[in-house]
Structure formats: C-alpha cells, structure tokens
Amino acid sequence: MTSKVAPMREAVADLVRDGDTVAIEGFTHLICFAAGHEIIRQRKRDLTLARMTPDVVYDQMVGAGVARKLIFSWLGNPGVGSLHAVRRRIEDRDPAPLEIEEYSHFGMVCRYVAGASNLPFFPIRSYYESDIPEVNPKIVPMTSPYDDGSEVYVVPPLKPDVTIVHAQRADREGNAQIWGLLGCQKEAAFAADRVIVVVEELVDGDVIRRDPNRTVIPGIVVDAVVEEPFACHPSFAQGYYDRDNAFYLAWDAIARDPATLEAWLREWVHGLDSHADYVEKWGAEHWASLRPGPALSGEVDYGSYA
Amino acid sequence: MSVPSSDDGGGTRYSKNELMIAASARLLAGVENCFVGVGLPNIVCNLAQRTVAPELQLVYESGVFGARPRRLPLSIGDPTLATGSTAVTSMFELFAFYLQAGLIDVAFLGGAQIDRFGNLNTTVIGDYAQPKVRLPGSGGACEIAIHARKILVIMRQAERSFVEKLHFRTSPGHSGDPAHDRDRGWSGSGPTNVVTDLATYAFDEETGEMTLRTMHPGVGLEDVRANMAWEPRVAPDLAETPRPTADELRLLREELDPGRIYTK
Amino acid sequence: MTSKVAPMREAVADLVRDGDTVAIEGFTHLICFAAGHEIIRQRKRDLTLARMTPDVVYDQMVGAGVARKLIFSWLGNPGVGSLHAVRRRIEDRDPAPLEIEEYSHFGMVCRYVAGASNLPFFPIRSYYESDIPEVNPKIVPMTSPYDDGSEVYVVPPLKPDVTIVHAQRADREGNAQIWGLLGCQKEAAFAADRVIVVVEELVDGDVIRRDPNRTVIPGIVVDAVVEEPFACHPSFAQGYYDRDNAFYLAWDAIARDPATLEAWLREWVHGLDSHADYVEKWGAEHWASLRPGPALSGEVDYGSYA
Amino acid sequence: MSVPSSDDGGGTRYSKNELMIAASARLLAGVENCFVGVGLPNIVCNLAQRTVAPELQLVYESGVFGARPRRLPLSIGDPTLATGSTAVTSMFELFAFYLQAGLIDVAFLGGAQIDRFGNLNTTVIGDYAQPKVRLPGSGGACEIAIHARKILVIMRQAERSFVEKLHFRTSPGHSGDPAHDRDRGWSGSGPTNVVTDLATYAFDEETGEMTLRTMHPGVGLEDVRANMAWEPRVAPDLAETPRPTADELRLLREELDPGRIYTK
C-alpha cells in the first residue's frame, strides 16, 4: 500500500480548492487549527466552511477572508463568548456579507451521517415548533408511513469536498485512531470527497492493528496523512496536550478589532512558514505547561487465533 | 455572571450566584442523570451530586456519560470530562441513542430571551436576515428542549430577556395549550423551572405559563415585575427562596469552585 | 449506584416474560447461548425471537418450543448449513407452524438503529428489484423530498421487550465493554425495553473508567448484569475462547432428528441446573483447548487533567 | 464442494475447486478491496492477494476491514479476522459507511438459483409461504448486490440452479434492459462474472445477459448446456479456462489450504 504521508503545505495545496466546501471537524477536541492556518496562508478563496461549532479557527479563517459561507449549528467561542470576525460579517456585512445555513447540533450530525451513508435524507425528531426550519428551507417535515403517522423532520446529506480531521495517531495509509471525544469526525470523513488526516504521531501499521476497535477513520477514505504535532493548539489532543484556555480568552480581544486581528494573522500565520515555526514561536515552555499527567487505558487481549 | 454579594441577615454572606446554584441544585433531588452545560449548570450538578442527588450521572453533549471531572471544566468538551468517565461515544450516538431516545432526565438551558411559556431564543436579536446581535444559535438546545424529560432554565432576569415575544424561537417550550402539549408525543415535558438572580418560577400545569414561586431574600414583587415584560402569574404560596446552607456554601467554596470563578 | 448483578436464573425469571419479543444478539461473536439455555430451562413460551442470524442458539430454542415467531435476516448454521429444527417448523409445520418476518442484514441493523433512536422509520438503499418487500409489507418505499427525488425503502423500528447481549466485561452497574466484532449489540440494547448483559468477567468500575471509549453499552440501559464465564459456547468471546466449530458441525446431526434434539436438550439443558454445570460437564480440558494465545492491544494515554 | 480431481494433460493434477479458485482469483487483478464470504471466496481472495492483487484489503460484513487472518476462517465472524485487522466497526457502520456509500470494489455472491441476468435466489425453493426448502435468506446479499461495484458469482452449475425463472428474487442482478440498469443510480454495476465448476461467464454489455466466455479443460458445450435451463449466449472468442499455474497450486496447497478443506 502506497504511503499517503505528505507535508501540510502539499496536502492543502493539492486537496483544498477555491470554492470548495471544507469541514474541519472536531468538537472542542482535536480541532486542526494548523490546517486552517495553512488554508489562510495559501489564500484560498470562496470556501464554504462547514462545522458544528465554528470555533476560533473559523473566526480566524473568516477574518482572513477565505470563506463566503458558513454551515453550522453553534456559533461561538466556547466558554468565552462571540466570534467577532464572523459577527461583523453577519451583522454589519463588514467587510462583506457572509452567507449562513444553520441547523441544530443533531441536525448537523445527521447531515454528515446521511452524507457518509449515501442516504438522500435523514430523519430526526427535532425542530418541532422551532423557527429554525422557517429560516432554513432544507429542513423539511415528513410523515412516517407507518400506522403511528409520526411527524419528523428530515435533513439533506452534507458531503464536503474536503474534510480535515485531526487524530492522535495514524499509520502511513491513513488508518487513524482517536480516543477521548469523538465528535462527528468519522461521519464527516466518510461523507467527504477528499480527506486529510493530521496526526500527533505517525505510527507503524502494527500499532493500529494491535487495537483495531480503536480505529475511527480507515485509510480507504483518506487522501493525505500529515504528521504535525500540536496542530490542534489552542484546541487539545487528549493525552497529548491541554486546551489553551488563555488563548481562547485572548482571541476575544484580538478579534474584536479588525486591525488587531489582521496583525495577529500577519504575525502568527502569514509571517510563519509552517506550523513547525508556530510551535517554535510559542516555545517549549508553553507546550510543557499544557502537558497533562498520565492516565493509561490498560490493555485488552484480542487473542491470537492461528 | 457578576452579581453583588448579599447578606442573609443572619450573618452568613453569600453571593447571588451561590443562591442560584443552591436553589437549582435542590431541583435535582433524586435525579439520575443530567445533561450538563458549562458554567453555572456544571456547578449546580456537582453540588447536587454531593447533596440531594448522590447517584446523579453527568452527561455532556460532547459525548461523555458519567463524567468525573477532576477540575472545573471550562467547556463542555474539556479533556477532564473524558478521562475517567464511564463512556465516551460519538455525538451521533449521544444525540440519537441517549437524548432522542428519551434517556436524559434533566437538562439545563438558557438563552438571550425567554417568553412566558418557556420558549427560548439563542439565535438572533433583531431580524434574522440582518440581526442586531447574532447569537450562537441552537447547538443542541432545540432537540434538548424536546427530548430531555425536564428542562431547568437558569438566566439573569431583565425586561429585555424576559420578553412578551421572542425575536426567534430556537427551542420550543410550552405552547400555552396544555392539551396540545400532551398530544405532541415528545419525551420531554418542557421547562419545569426557571431560576433567575431574582426569583424562581415553575410552570402552571393548567396553562403552561411561568409562575412565580419564590423570591430571593431582599427581592420584592416590584423588582420581579420590573425585570420582565409581562405581568407574572404568582403562586398562591409565594415564598422566599431558601438561603444556601452552610454545608452548601462550604462545598461550593472549598471543593467545587475554590477559585470563585462561578460563585463570586 | 446500586448493583445490578444477578444470577442468570433470576435475571431471566425476572426480565423475560412469556410472549415477549427477545433479541439475543451477537454476530457470530458473543452469542449468549447460556441465556438461551436458561430460557429453555424455564420453559418460557410464545416468544418472538429477533436476531440477524438465528444461529444454533435459536435452533435450540425453537426446537425446545419457546418461540412462536422469528424476525431475522439470515437463517443458518454459519459455515455448516441449515437450522433443522427451524426448517421443520417452516417447511413442515412440524410440530407447529413458525411465523417469520424477514429482512436483509442492513434492514435488521437499521430496525435496531431506529428502535434505539426513537425514530418512527429508517431509510435504506436496499430491496430495489428484490422480492423481499413483497413478502414483508413492513418494508415500504419512500421518495426523498429533495430535488434528486431518490427512492429508498424504509424499515420500522424494532424495540425488543428484552435484549440479551454478552460482553467481555462490565462493572456492577452494567457498563459493558466489548472488543472484536461488535455486531449490532449496542443498537439492540439501546432499542430494548429491558436489557440483560452477561459477561465473562465482572470488573471494578475503575477498569471501565480507564478506557471509556471501549464502553459499548452503558449501565443506564441495563437491568441486570450476569457473570457467566464461557456463556457464549459454542460461540466465542474474543481473547477468552475460540469458537467451538466441532459443536457447530455436531449440531447439524443432532438437530436433524427431533428425538436426538430432544435428548440433547434433556442432557445439556433441562438435565443441568445452570451454566456452571454445563461448563463442568464439558470439562476443563475442553475449555483449555479453546483458549487462544495472547494478542495484547497496547495502551493509550487519556491524560490526567486535574 | 466435492468435485473429482482432473488432469491438465500435461501431468499436473488439480481439482475442479482449484481451477475455479484460480480462475476467480484472476478476476480480482488490481482490485483494492473485496467483501469476502466464507469458503471458496475466502481462498480466492487470499490467492489474489499473493498473485494479481497485492494491495487487496479483505472486508467482512461482520465489521472487519483489512483482515489478516492467521488461519482459514471457518465463518465470516471468525475471531482470527478481528485480531490484527486494520479496523473493526459496528455492522451499522460497515453497511452504511462502507457498503452503501459505494466504497466496496468487489463482492462475491452465490445462491441456490441464478437466472440469465444474474438475479439470485437464496430464500426459498418452492412457494414462499410453504416452501419446499427454506434457504438462509438474504443476509447482506440484497444490499451487496446493489452497492458493491462488481459482483462475482461462484456457483456449481446444474439445471436446477441455473434456472429460467427464480422461485424468489433475493438479490437483484441485471434487468435485461441496460438503459434501465444505467438509470437505477446504484453504485454497483451488478454481476460481472460467474465462475462454475464447468465454465466461466461474463455479462453482455448490450443485454445484461450471461455469456459463456471459457469452458474448463475437458468440458464441452453440451455439458454446459445440459447444466442450465436456458440456451446460453456464447462469446465469439469462446476459449478454454486457463489451468491453475504451478505457482497458484503451490500457494493453495502449501500456504492457503494445507488441510485441503476447500481445494480438494
């Protein structure tokens, strides 16, 4: 099996195209900021950005002008407040309008499930007596054909052109393992046309094969594997580093003012060549401060049947 | 939430947040599991676990069941929630098999606006297409409101948030027609209680309308009225909100929030 | 949290009732024969037995007269051939007719998913130009409300009165962990009104909590936890014991003749008090012969965030 | 499947099963993944991995991707399939995200009956309500037939199994109307090849009809005709099925099936 390992620059250049629908998924956990930064650095344009929770990473990308549209279910800086660059574009069309298409969390998840499953729609018991379907005509009511005649809503499949997910580890073929919060990464990856998996550690295939139930995304759907430690910062990678809450708080002030935001992008994205430079710029002490103590899983025995 | 400290008149000082937390925690008596949010709901659940609901399992929409956070989680996806929990699952499964299946006993919601029937707006202030303030949107709130067996609302009370008419209905509450509500066939029974910085409310069984049940020490009916856009229904047995006990205050200050992030 | 630990006899007596729809799930792996035997021993009647693959365990139960109906997707002795007791009742109504309701594998899985998710129906791209919907009116066509107008079929939820699953381990509250083949046990458990989890080993809650991503069935849906080693024999428990293929082959001959089958039930089920007696009757050497070599998973680090 | 040994005339003896396995394995040239069944298909895939399809990943409907069985699996749920595989997933995910999503390149099917368009019956012989023989039913076959990009059928050939009209259509093949088949929008293109103990067939692009391509050494057109219920379409370049090579036989006998369970 040929290796899919590539540097981030190459993976983004090859697989993310202007006008694409891009999903960088990860619910609080494993949000691949480094991929967002590389997309900014390569000045991609007219992207539709899909994500359950447009987090600081999408505020940065929207602020940098790569996006024309957001598809989402919760728009905020979790635990902190607003995404100011996004709000400026929605509230004030500053510097340009931003198209939005919104769901609830479960609606977004089910859109990915439908996309991953090649289903034309997915039923969900939500949206009853809510105004959400009124502002999103893609959410439509449907009646059960069975006796109970239950009413549900259905959502359409979401099939990103590119999904980018981060995992703790993968082998060179892209078989990726994740532990801790799983979010909707599996579904978003299976739903996509192209998939970039970014990992803390590239490992030998045997590490993966020792615990196949831990594999969340199989190499069969993966186009590129990028090894990029700390690529989730300020988000976190369970067992590797903590969430950098101070940065989430700091972002609030940075993003409030377009000039500060621009300066931040210049210094931390455009001014750097790669995520390796970003890691170096933060400094070893910063990374050490985010390192958790150990909490090992224990082993299970699959048994050798020869 | 920044509120001034109060005095219970008996010498023990407590903050309004501490009062709200204690009042909310008591509503969880005997509850087996609870969908937790960040901030106050998290402290409320932790306090309830140590007082009125020792079997309470903490569930997070991020996919964690039976969390045992070793620190105050700063988001619902904090890594401390996964480590040492009973189960971590995909969000599809959490929403489909736990929430939509009706397994969640209690959930907390809040919002920028609430109406007298407990409908909530977390989407926009102003017009949807060109909002004055763009809020976060639903997140899981819309389906939580429908499926969690009981909804507790914790909000600061103000005329601009306790409104006659929502700018946007994100999450449904009661309809104002209890017969209709019973026929909806939802696993949830909608909002059951609202706890504010001034008072606590329940919802009338006959009309589904928010009803003033207790006012916090030092708060008068005029304060309550001044901070909501409609004339509230008042329970015949209107009482004072019980003060936090010494034990509750000790737990909050020494164990649950020693940094006073949420209780100050 | 109160313990849910119970002996098999008590769990089956309390939770399985005459006329119930019962699902003993497990795809080849972790099929809880011991529960089937206890249901036979307690002479339950008029059960509707649901299972993707009515295996030897359902041939035994049908042969013993506990069932009036089967819901399934593949009816056979895997790798061997037919289920003779089942076939006699379907083909010859001997000694009585057996009602059947059949799906494809994916249809059965989706019925459990719908049941687990409280959905009134579940869409599936299958059954096109097949005769299956003609003999099962519960499989009905539906058109997508979106522009593509795709045709799918939908299946109704399956909500067993009781689901019985086997797991390698669980704690006393019923939080159960499984590795190796997962089948549709999770979905069948969440779909059920009552759940019995049978395990090879009861473990301390801390063992479960060290690896929460491994938890397949949470205690919240579990009513009874039964510790019963080797309860899957002749099926297998990954890492604990191998499939007893010789028994699967032997069953073919046993079940061909009603008298032999009856004698087998007398000797191995009614004639024994419990599964412990069954384990003893097979003898330690037999179990030793089924023991696999070790194949450890390795550990991952969740990190301690205090 | 018990068939007599044959002689290729050149001195190397091989069984009919060995011939069928070798002929089937060559059809997997360059294939990346394959839904494997038990018995012959399993050996076919293992042989292909070692010859014409070194990148072939074995997928099992039991939820295993990238299996590396250390022994011949006796069922599609054999524990040797999980240990050391790349991924083990729930059956929902296997059927929804892999199969229904169109990720499976090739799958094997068989049945008690097949018609000239490759439709298969694995449900009943006789009337459905009161069958003469109750067969296993669909299992995953119905959706596999629809979604796997190519279907290979391995069956013993006989007049009672190669029938004019199926007693029950479990899994759809071609309809006989290629325009209709193209418009179905399925990810699968239906059965592409049939390998029997007498011959190999492909399906005509114009009509979707089974077409005789090669006959096994020693088999004549009259043998083929005598063992099917319709008059077969014959390819203009009808040839002899290539014999298993010495390398293929060595792999089968020494590595893949030393106990001669499937190859005898």
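Note that the chains take the letters A, B, C and D in the order they are written out, and that residue 1 is the start of every chain.
Just so it is clear, contacts are C-beta pairs under 8 Å (C-beta built on N, C-alpha and C of every residue); 3 or more make two chains touch, one makes a residue touch a chain.
Model, not experiment: these values are computed from the prediction.
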item	value
Contacts common to chain B and chain C (chain labels)	A
Intersection of the contact lists for chain A and chain D	C
Chain whose average C-alpha position is farthest from chain C's own	B
Inter-chain centre distance, chain A versus chain C - centres from mean C-alpha coordinates, in Å	37
Averaged-CA centre spacing for the pair chain D and chain C, given as whole angstrom	29
Between chain B and chain D, centroid-to-centroid distance (C-alpha), Å	59
Of all residues in chain B, the ones touching two or more other chains	64, 78-79, 82-84, 88-89, 96, 100
Junction residues of chain C - those touching two or more other chains	113, 118-119, 124-125, 150, 179-180, 182, 186-187, 210, 213, 238, 242, 292, 295, 302-306
In contact (per the touch rule at the top): chain pairs	A-B, A-C, A-D, B-C, C-D
Sites on chain C touched by chain A in the complex	118-125, 138, 140, 142, 144-146, 148, 150, 152, 154, 156, 168, 177, 179-180, 182, 207, 210-211, 213-214, 238-240, 242, 292-306
Touching residues on chain D, where the partner in the complex is chain C	38-39, 61-64, 74-79, 81-84, 88-92, 95-96, 99-100, 123, 128, 130-143, 146-147, 168-172, 175, 184-186
List of chain B residues in touch with chain C within their complex	32-33, 55, 57, 64-66, 68, 70-71, 78-80, 82-89, 93, 96-98, 100-103, 187
Touching residues (chain side chain C, partner chain D) in the complex	27-29, 52-53, 72-76, 78-79, 86-87, 90-91, 102-106, 109-110, 113, 124-132, 135, 150, 179-184, 186-187, 236, 238, 242-243, 245, 292, 295
Complex interface listing, chain A residues touching chain D	1, 113, 116-119, 173, 175, 186-187, 190, 205, 208-210, 212-213, 215, 218-221, 302-306
